[in-house]
Each structure stands twice: as structure tokens, then as C-alpha cells.
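Per-chain numbering from 1; labels A, B, C and D assigned in written order.
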Amino acid sequence: MQMVNETGWKPKIVAFCCNWCSYAGADLAGSGRLSYPADIKIIRVPCSCRVNPLFILRAFERGADGVILCGCHPGDCHYTSGNYYARRRMTMLFSMLDYLGIERGRTRVEWVSAAEGAKFSATMNDFAKTITELGENRKLGDLRCKK
Amino acid sequence: MTYQFPKANAEAIVKGISRAVYAPVEKDGLTSFERYEAGMNLALDTIPTDKSMKDVFFPQWENLMHFRVEGKTIELTEEERCHQDFVIFGARACDIQAVKVLDKVFLADPVDSYYASRREHCTLVALACDKPEDSCFCKNFGADPASPDADVTLYPVGDDYYVQTNTEKGEALVKEWNLDKAEEGPVEWLKGEIGKKYEELPFAHLNLKGFDGEHLKEKFDSPKWKKLSMACLGCGSCTFACPTCQCYDIRDYDTGNGVQRYRCWDSCMYSDFTLMAAGTPRPHQLERYRQRFMHKLVYFPANNDGMYSCVGCGRCIKKCPMHLHIVKVIKALGEEESK
Amino acid sequence: MQLMNEGTVARVVGWEKGEGECDWTPALFESVQEMDGFVYGDYAGANLSKYCVKMNKAEGKTLVVLKPCDTLSFRQLIHEHRLNRDNFYLIGAGCKGMKDESGLLLKCKTCKGKDFEIFDEIIDDEESKQPTAIMDRMEGVTALENETAQERFDFWRNELSRCIRCNACRNVCPACTCEKCVFDNPASSVASKAPVTDFEENVFHIIRAFHVAGRCTDCGECSRVCPQHIPLHLLNRKFIKDMNELYGEYQAGVGEEERTPMTTYTKTDAEPSIVRERGNA
Amino acid sequence: MQKIGVFVCWCGSNIAATVDVEAVAEAVKNEPGVVFSANYQYMCSAAGQKLIQDAIHEHHLTGIVVCSCSPRMHEATFRKTAESAGLNPYMVEIANIREQCSWIHKDKEEATAKAIVLAKAAISKLRNDTPLQAGTSAVTKRCLVIGGGIAGIQTALDVADAGYEVDIVEQRPTIGGRMAQLDKTFPTLDCAACILTPKMVEASQNEKINIISYAKVEKVSGFVGSFKATIRKKARFVDETKCTGCSLCTTKCPSRKGKNEFNMNLDNRGAIYIPFAQAIPNVAVIDPEQCIKLKTGKCGLCEKVCSAGAINYKQEDELIEREYGAIVVATGFKPIDPSPLNEFGYADNADVVTSLEFERLMNAAGPTKGTLLRPSDGKHPKTIVFIQCVGSRCEENTKRGKPYCSKICCMYTAKHAMLVREKYPDTDVHVFYIDVRTPGKNFDEFYRRAAEQYGVDYIKGMVGKVAKEGDKLMVQGSDLINNEQVHIAADMVVLATAIEPDPTARSIGTMLTASMDTNDFFTEAHPKLRPVESPTAGIFLSGVAQGPKDIPETVAQAGAAASKVIGLLAKDHLVTNPCVAQSNELMCNGCSQCEKVCPYGAITYVEKEVRGPGVREVRRVAQVNPAVCQGCGACTVTCPSGAMDLKGFSNKQILAEVDAICRW
């Protein structure tokens, strides 16, 4: 399944997933054959706290239309507290992007456990839908990267 | 030839020029030379503009070439040079003098073709400076604010601009404007007035004695640099405002599909300027600060028949957030000379 | 001066006059004779804390003159182990609000108060204890928050498009004391020297604000020194406002070294989705 | 430039049915660095692995990308494959084209396109990989057990039995814990002391076990295999080596105001006391809060009567520093204080008691010598009401109690009811319950015996109010089965109070950087597959510290924890995860931010001479202990200069993946 809007444009979405919960949740979604758009590509990180705001901005720079960060549920972090730091960092980053007038829907954080394959799939479908509705990222890309 | 048109017609004249025009415009309280488009706020009375005319010939960044990468193949495309005539309208004496400095660097062998193509296609319309700022001191460095050297020179007298053409290029441009011929008298009067005004400026007579190759070591070793440089932030404000600073860095930007090679202004005030594998040759701000002023006042004239690479535009006086500038340096080290 | 005579301090960092009336410059005084040029008054706007990082390595004690807001920066730098308290003799100088050629400085219009967070000696008078703030510190941020996203976008594009990447904001910032800034480090993959595109203008300022979040004392120097008049303080204050609202009131550079809002958490912190749920979209 | 080999797996038809594996192998051929690509039916099979190994040899590959199932499945396999072919095992990247591609997409073209992008991302990452070496660290062959209840004792005995030294640190003057306070145990009704005290003696006599009682762990540093603990042994004012435990001093002590903690404060004890007759160590202890000599300087009676000369009023706390390879948390539990739950009238009525108090009232060594007498007037109670789930299974956020089931209450209440009916058949016994939970061997049989054979009146419903009326306690509750309100005039009410972690658990958890849940129970490394290990390496969990459980479960878990400890201590060296943080000293500015976010205390700061191009000076810089770092990366984002990076997931590697995925 691929999200396509009327003009044939397809979104590009990066999902950062922590190794212990969300990446495993994505695997579980796979085992359960729970589909989500192919426009979403996953990057494995050890923990949500590994995700530097620079990675997210880089994705947008290179033409991503949405970035989602998934980690263990608060309290369940494999490293005890990583996702708590990630939560604050992302809240601040998203708030700043909003302040700069970037569409709010382009960034998201979701907590997905290793047992929540269905949630992973549903989350990705919903996020892809949001991004498709928002359309192309015009406010935060670097035009030099456009072919 | 001398012509005349009312100041009120200036905008119409700029709009009427069939070529691209770069002119000083004001936006959000800052003035700079921009490609003029209808609706822009012309700032022909500003001396000097916040950003200099240098930007037109030597922009803060420009693409040099593009490498397209497809698998293991690389395809190179060079950036086009400037190939269309354009006009700069409203250049000041200091900025014109600055271009002469830049020419020494960029037009010397090997010629910088990106710069040279712009110089070649430019017709320069200058404005005489009838209302200098206290920070102006261009006359110390060979610029003539009363009669700037350009294809066309405008002299503001009363409600009119008197126009003198100095070259064929200039004559050709002015012909398009269909102006009335005028007397030369008011122009001569204005030149005299400007001459008097500049005599009264606070920095009209700076002592430049000793700023030459012969006193190089003495200036270099002066203990005063420590105090002079102490407050320097190491930012690039002075460099980027300066109409003669010509250092640039060449960088590659990975676009994901290839590489965009571009050059951008660099600043000798930066800690990573001319950084090499073995470190930087100027590890402290003192040395970087000294470098900038030694270059303008000593090294450059020593290598260019006495031509200073300061033109006295006074932008560094206005722009330095810590109020450090070249006049302070000249005064501090000049004093030493007079002892 | 007496302290320098006695040998208690080896140098003084203060201000001296410039060529005009308003262009005072931070200055170094290394002898009693030089101290004739020392001035303090209406145009001593610069925050001298950042210079202390350099002075920290110098032999002997340095006497530094700090205004109330500057003492926050100094304290924060101690927290970050960039300064050794013992290397400095601090004069807390009373401040009636600093000026430049166009009047009261923006940072003084939103003055945070007249208390000295750290000092060895205070020199002030009654007048300098009077409040100088004439507007709410978060006024500008709130106004922007109340605009629509498109208006905010247009506002910031207009402001940030003026950036010439001179790095004055970074170099003056007492929270920016990295040995090597990521934007100067070719190995960081994000280094750049010129704001070639909108993106580069954005990323530099977003990341700079993010890196100083929780450590920025809101000294206002970034906006003061910007030659392009970009209201950079509005970025830092946005983070300050958010952190205050979401994680509890916090002022960097106060009290003992502790975790900043960005190096701590509570289990019940707001979710990032709060950004989607509040204010103007 | 690296020489990269790409291996695309079909996984039978799992991948190949949806992804054109040949097209993927073909598409990546021209990627910079790729010198070889192939596809095969099952890369993880012996033949598939051989294909990889042969290619490594033949093409002198410096790194490989395997496009296959999730790295969680076979990353370790392919690392071993690479290693056996002489490649660094960390020069292997997996592109997950099964779980995250072929299994979730149906359109072959679309899935193939995505697989190519995922492969390119893995190749991009690999181009930035560097060989990593796993380090080793030595193991100190000694175990610290925090808590000397049945959990701690059992773990200690099992570890000692394998030949390793064990120190038990117990905060109370004696080991034995909660079990020592119990009367009988369910479902066998054998006496708790009879089965516990032999174990206590065994522990005290075991040469490998060192009991440090009346002590607390004050500080722990280090990491798995080499922890260093500071233990504060509180002053007993009695020389442990001299005291014979004759208890003469305890009978002579004129101070009688000290509450007897062992009897749940139901009676008093002397200022010098031995908690109970079978205490281990069987040594008296002086309560400095009660001792007249220590408070006023007068008295000294105990010193006079002690023929062993063991009394030492000048004794001071002793600090013991020791190194351990493993630490077991067996900190146990306490019943909650039901006073805030007003409806049960616990705070106002002496005859409303908790179950643990009831245990002491039934116990032959208790304050009533085993005769059931009610605390207010010493009369035999004729009607007793037991109330279950007091403070357990409460709705969260109501602050009325714990959200969890305390697990043991159903069974011990049945036990109490049965014991009362057996000893005092003329007593009426009522039990209010929400549910009776009896999932254990012989548990349900036990409960049914209580209800059916012993005539215990089980009422399904909750008690709304307990109020004193004359010398009776009026219990008002609802009977949900008969749908009516019941009023019982009781002589005594017993509350099956919830249990909660010992109050010291939280600080111990923080000290050990071992994570805890919101109820202060220690969390497991994995709730199902690693239930006796903490996520913090080298920290193991034993008993109720991890969650409510009964005695046999506690003993089973204690043994399991011991086996994990033994498995660790049996090693001379530990291999450490090489994907750890690393600080670039040339860029570090010593700001300490990374240290603040490290959950493991792996980062320390040192003043050090750093050398680099044009740099040679002493700076304060961060250093990561690779044996302690677990590789989460929290520090890398906190570091503004990017001096801190994570091996295996470096900024460059992740950015390369981002770039490969987001090609505009």
C-alpha cells in the first residue's frame, strides 16, 4: 500500500525506532502481516534518546515530508530513562518548529512496545495519512537536494 | 556630457533601464545592493549602505560547479558565468575604490572568471556623497567622494541629480534616459562643497605614516595588539560588511544526488580560518585580529604599490558589536609612529 | 585599583571609551596606569562573562565587573566547569539599564532584576536598585504564539533571511563555549559557513537555541550584537517559556550546579503531542 | 574505500514472493563501495553462510550487508559468519527486508523499490562503519546480598554452595526477615520458624557466608564484575565477638519503653534486646534511643551483669569497603499502614489489627504467648471479621492504596481463619473478599477446606465501615451474592493489608542505578525471559523486592537469582559490548551535561592533557567507562559539540542512513 495524493506525489517518511521496543514492534507488525505504507522507512537506533534533533532536521533537509520517533513506553525504557530525555527533547524541538511556522503534523513521537505490532501498524498508517494530507514539505527542505 | 533630472524621477529612471539593475534598497531598516524590482524601497541617500556593493561582484556565496553522481559515475557541470549586461545604480566612492582593490586580487593572474564576467558586464552609475556620515574617512584612502570614478556619476544638487557621463558605456546608458542637457556649474559647486564637508569630518586626517612594508615588523610586534584585540568576539561582522575583504572558502555540499561545489565568504577572524591538518597558524584572537588589520594597512599596500585595502567606508565602525574598528588601530599604532 | 596595587588581582576586565559617546568597548587593564581609561556607566552593555573563559587560563586573579544579569552567566559558566571561581575577583556593579545610541537596550527593557547571583563586592547605589523593566519579558514570544503558523513562518523567514552567518550571536554567547562548534567542525556532517539556503538559516538558529536551552540565562547579548538586527532572543525565550510552563519555573545561572530542565525529567512530563494541541496552528 | 558485499536473502518465498531479490542485488551493484552482490535462498543456512564467507575471501570484502529478516533475528548469526571469515563482526549491517518490507507489502514493484532503498541505507551506514573490538573486564568472585530474609538467605546459601563468597547485609539486628515473624505457613500449616531457623543457622555456619547485620549499604560504584560497596555497620554497643547471647542483660534492663518491632509494636522490649530467641547473630543490641546510659550517662546495668564483658558504650559505626562481582537485591517488603483508610478504623481501635500483627498474636513466641487475646482488654474474641484486599487492587490515582494485587493475602487469610476455627471452635469467623485467588499448588483445596470443613463464613463484598459500639466493633459490609447489607458485631477485625516494597528499596535502586516501577518494585531485564535480572548488568533480584510473592515462589526466585550470580562469577572475564559511547577529548569542553543524563554513571571527568593539531593543554574532559556504558546514546544528544558519539550508531552512520532514505 502506498499513499498517493491526486497529483501522484508520494510522501517520504522516516521513522526512528528504538531497538528494544518499537523496532521489535515493527517486526511484530511484520510477522502479523499488518501493512503500512511503503513510503515509511525505519532507521534503527539503540534508544529514542539517541535521536539528535539534527537527524530529524537532516531528514527534512533531504526532502522528507514527515519524521516520526518511536520508543518504549515511558517507564519501560530498556535503559531506564532514555525515552524520558527523548520526550523532553522532542517536545522542545517540535515546539520550536511550530514556533517557526512549520506544520505541526510533520513530526510525531509515539510509544510502541515490542508487543504492539498492531499499534505500530496503525500509528504508521495514521501518520502517513496525516503527511499525505499535509502534502509536500516545502517549508523545511533544502532545495539544493531536489533533483 | 552633463545632464539633469529631478530626484523625484530617480525611481522611474531605474525602472526604465532595460537591463538588470542593482541598487541600494532599504528593508527592515537595513540597506544593501539588491537586484531592483518594482515595489522595493530605493535608498539613494544612504551613505554607506549596511552591506556593500561588493556583494554584486563577489556574493556571499555562489555555486562553482555541480557533480552529479549516479551509481559509480560522476558528471560535472560548471556553473554559468555572468553573460548579460547589468547596471549598478547608486555606487559610492568608497565602494568603487573597494572594487579597485578587489580587481587587484581577482583580475590578477590567474583571473577569477566568476568575478571577471560580472565586472565586464557592469555599467556603473555612481553617486557623489553630499551628506557624509561622521564615520566616513574615505579620502584618507584615495577615494574621491566628490567625483567618484564610474561610467556615469550623479551629483545631487537641490532637487535634481546632475548627470555626467565618463565613458562610452555610460553615455550609451544615459542616452536611454532621454535627459535634458545641463550646465556644469552646479556640479563644480557641489564638488567644492563636498571637499569642504570632508575636511570637517572627525576622521578626515588619519596619520597613515609608517603603514607600509618598511615598518612591517615594528607594527607586527607592537605590544598594543593585545589590548586592541581583547574584546574581539572573532565574529565575521566586520569582514562581511567590509567592501574589500575578499577571502573565501570552497565547500562541497552533498545533495544526496551529487555534490554542489560553492564558494562562500570566509573571515580571517574565525578560529577555523586557514585551518590545516597541523592546526591553525593563528591560534589566538590576537593574531587573527592583527592579521586583518596588518593585511589592510601593511601587507596589501606593500604588495600593491601602496594601495591600501581599506577604503574608509566606516562600515566596521558601525557594525562591530564591540566597537572595535580600523580607526582605533590606525590611531593606536599611528601614535607609536609619531613618538 | 587598590587590589591591583596589592597584587590581589593581576588584571581588570572592564570598559573603556571609544571614539564617540556610545561606543564603549570591553577592555583589559593590566597596570594601575592603564586604569585611567577605565569607565563604567550607561554604555557598559556588554556581558563580560564570556571573556572570563579566556581569562580563566591566565596567571593570577582577574577582576571582572559584572552587572546583575551578567552574574547569572558567570554562575552558569561555573556550573559548566568553564570557570574556576578562585581565579576571579568579582565586582557586582549596579545597573540603571544600559543604553546605546538609540536609547535603552532591548535586554534592559525586559530586565530580569537587580540581584547579584555571585560577587565578591558590590558597588551600587539606590537608583541602580530600582527596576528598569518596562515590558514583559515574554511579550514578544506570546505575540508570535498567537499568530497563525503561516504568519509565524513568514515572520521568521523574513528575519532569518537576513542572517549573514557572521557568528556574532554564537561568539558572544556565554553558553556557547564549545571547544569546537558543530557548525565549524567538518567532521560533524552539518558544518556550514554561509546561509546558502533557507534551510541552513533555519537549522543553525534552531540548533543553536536547542544547544543552549536550559543553560541560556537570557542575557540578551545575541540580539544586541546581531549586525542584521535579527531578534534572536525570541528563539531562546521560546525555549525558556516552554520549559517554565512544562517543567516548572527555571532560571539558568542561579544557585548550585544542578540538572537543567534538559538534563532531567519527571515521569509525568508532557508528551510532545502537546505541541499539536495548544495555541494557533 | 571499503569493499562491500551485499547478500540478498530470499527467505524461501517469505521475501522472494514479494521482493524481486535479483533486482535488489542488481540495483545495489553500482552503489559506491559495493564490489559484489548476490542473492540466495536462505542466507542463514550453512550453504548461505558459506556463500558469504567465500565472497569475503574472494573479493577481500571489508564489510557486508545482508538483506534479510530482522537484525533481531539473525544479526548475531551473520556477525559470527563474518568473524569466522576473518572480518570484524561489527562490519556487518542488516537491511530488514522481511518484517519491514516483504511481509507488510503486497505490491511487488513497491516492495522491491523499498527493499532497494533499505539496502542502500544499510550500505551507506556500512561505509561509515569502523571495526569494533569487544573489551573484557575482570570479575571479582564475591557476591553481595542486600537483605537477609528468606530470599537473601536462600540466594546466599545457593551461591555459597557453588563455592563463592557471599556477604549478606541486613538492616535489622538479625537475619530472618518477615518469615521469622510468621506463625504457620500455607498451605501446609507447618511452623515458619521450624523451617526458617535451620536455614538461618546454616547460613551463619557456612564458611563462605559473612552476615553483616544491623548494617546498610551506603554507596555502590563500579559495574558488573567489579562493584565496590561501602557498608555502614551500625554500632550495637555490644561486642559481637564476645556476646554469648545469654540474654541476661535483656531481662535486667530497666528501660521498658522501647516498642518491640519484632512483635509489630504490640508489646515493649528493653533498651538492650535480642529480637527473638533464635536470632542470628544471637547477639544483643542496644537501642540508643532508649538506653538510659547512652542518653544520660547513668545506669550501666547491662555492663555490670554481662559476664562476657561484651558491652561497649563507646562503640562506633564501622565502615566496610568491599568489592563484589554481583549484587542481589533481596530487600523484601512491609505491610502498608492502613491508618489512612478511615473506614476500617485501624488508627482508632486497638482491636482492628493487621494480618502481620495477627500472626504475632497467634504465635507462641508472640506477646500473648500464642493465646489469641484481643489487644484492648485481653479477652478472647468470639467473633472475628477478616477483611481482604485492604489497600490492594485500588484504582490508580485514587491514592487509597496500591493498584496491584498483593498476591499472598487470600491464602494467609484462609490460613488465619482455619487456625482460629481449629484452636477456638466456638469462635465465629467471617471473611469479606472481592475475589479469592488461589492459583497455586494445593491452594484452592486449602481455601475450600477453610470454607467447607472449617465453617469459615466467606462473604463476597467489601466492608464500608468498622465502628466501635461498646466493646464491639460493628462491621458494616455488603454481601454481593445475596445482594444485602450485612452488619456483624465483631470482637476483632483483621485487615489483610497490602504489602509494599521495603522503604529502603528506592534509595538502593538509585544507588545501583537499577530501574524500578512506579510502585518501587525493581523491574526485571525482561518480564518473561529475564525475570530475576535487573536491566542493570550484574544486579539480580530475589524475592518480593521484584514483586509480591509467597514463600515457595520467593525461594524459587532466590535460587534462580543465585544461579544467575553463579553463572556470572564462574567467568574470569566479561566480554563487553563494543557499541558504547566515546568522547573525543579534543572537542569535549568538560561541561558535565553528559554525566548528568547517563543512567549508569559510566561517565567521569578527569583533568587531562589533550593533544591535537595545535592543541596541547590540560583540560577537563569526559571519559566513558566502556564496561559500564550500555550504549543508549543519551549523552550523545546532550553534548552540544558532538564530542560524544556512540560506536556502532555514530552520528555519521545514522545521518548516512537518513541521507540514503531521503533522497529527493
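One rule holds for everything that comes next: a residue touches a chain if its C-beta (ideal position, glycine included) is under 8 Å from a C-beta of that chain, and two chains touch if they have at least 3 such contacts.
Quick caveat, the model's predicted, so the values are computed rather than measured.
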| item | value |
| --- | --- |
| Pair of chains joined by the greatest number of C-beta pairs in contact | A-D |
| Between chain A and chain B, centroid-to-centroid distance (C-alpha), Å | 47 |
| Centre-to-centre distance between chain D and chain A (centres being mean Cα positions), rounded to whole Å | 33 |
| Chain centre separation (chain B, chain D; CA means) in Å | 71 |
| Separation of chain C from chain D, taking each centre as the mean of its C-alpha atoms, in whole Å | 46 |
| Where chain C touches two or more other chains at once, by residue number | 182, 196, 262-263, 267 |
| Sequence positions of chain D contacting 2 or more other chains | 518, 597, 638, 651, 655, 659, 662-664 |
| For chain A, residues contacting two or more additional chains | 53-54, 58, 61-63, 75, 81, 85, 89, 141-142, 144-145, 147 |
| Graph class of chain-chain contacts, one of line, ring, star, complete, other | complete |
| Chain C to chain A touching residues, read off their complex | 144-145, 149-157, 182, 190, 196-200, 202-203, 206-207, 209-210, 213, 235, 238-239, 242-243, 246-247, 261-263, 265-267, 269-276, 279, 281 |
| Contact set on chain D toward chain A in their complex | 70-73, 96, 98-101, 103-107, 110-111, 113-114, 117-118, 121, 513, 515, 517-518, 535-536, 579, 597, 599, 630-634, 636-638, 646, 649, 651, 654-655, 657-659, 661-664 |
| Residues of chain A defined as touching chain B within the complex | 62-63, 142, 144-145, 147 |
| Complex contact set, residues of chain B against chain D | 69-72, 254-257, 276-280, 283 |
| Touch list for chain D against partner chain C, complex | 518, 586-593, 596-597, 605, 617, 619-620, 638, 640-643, 651-652, 655 |
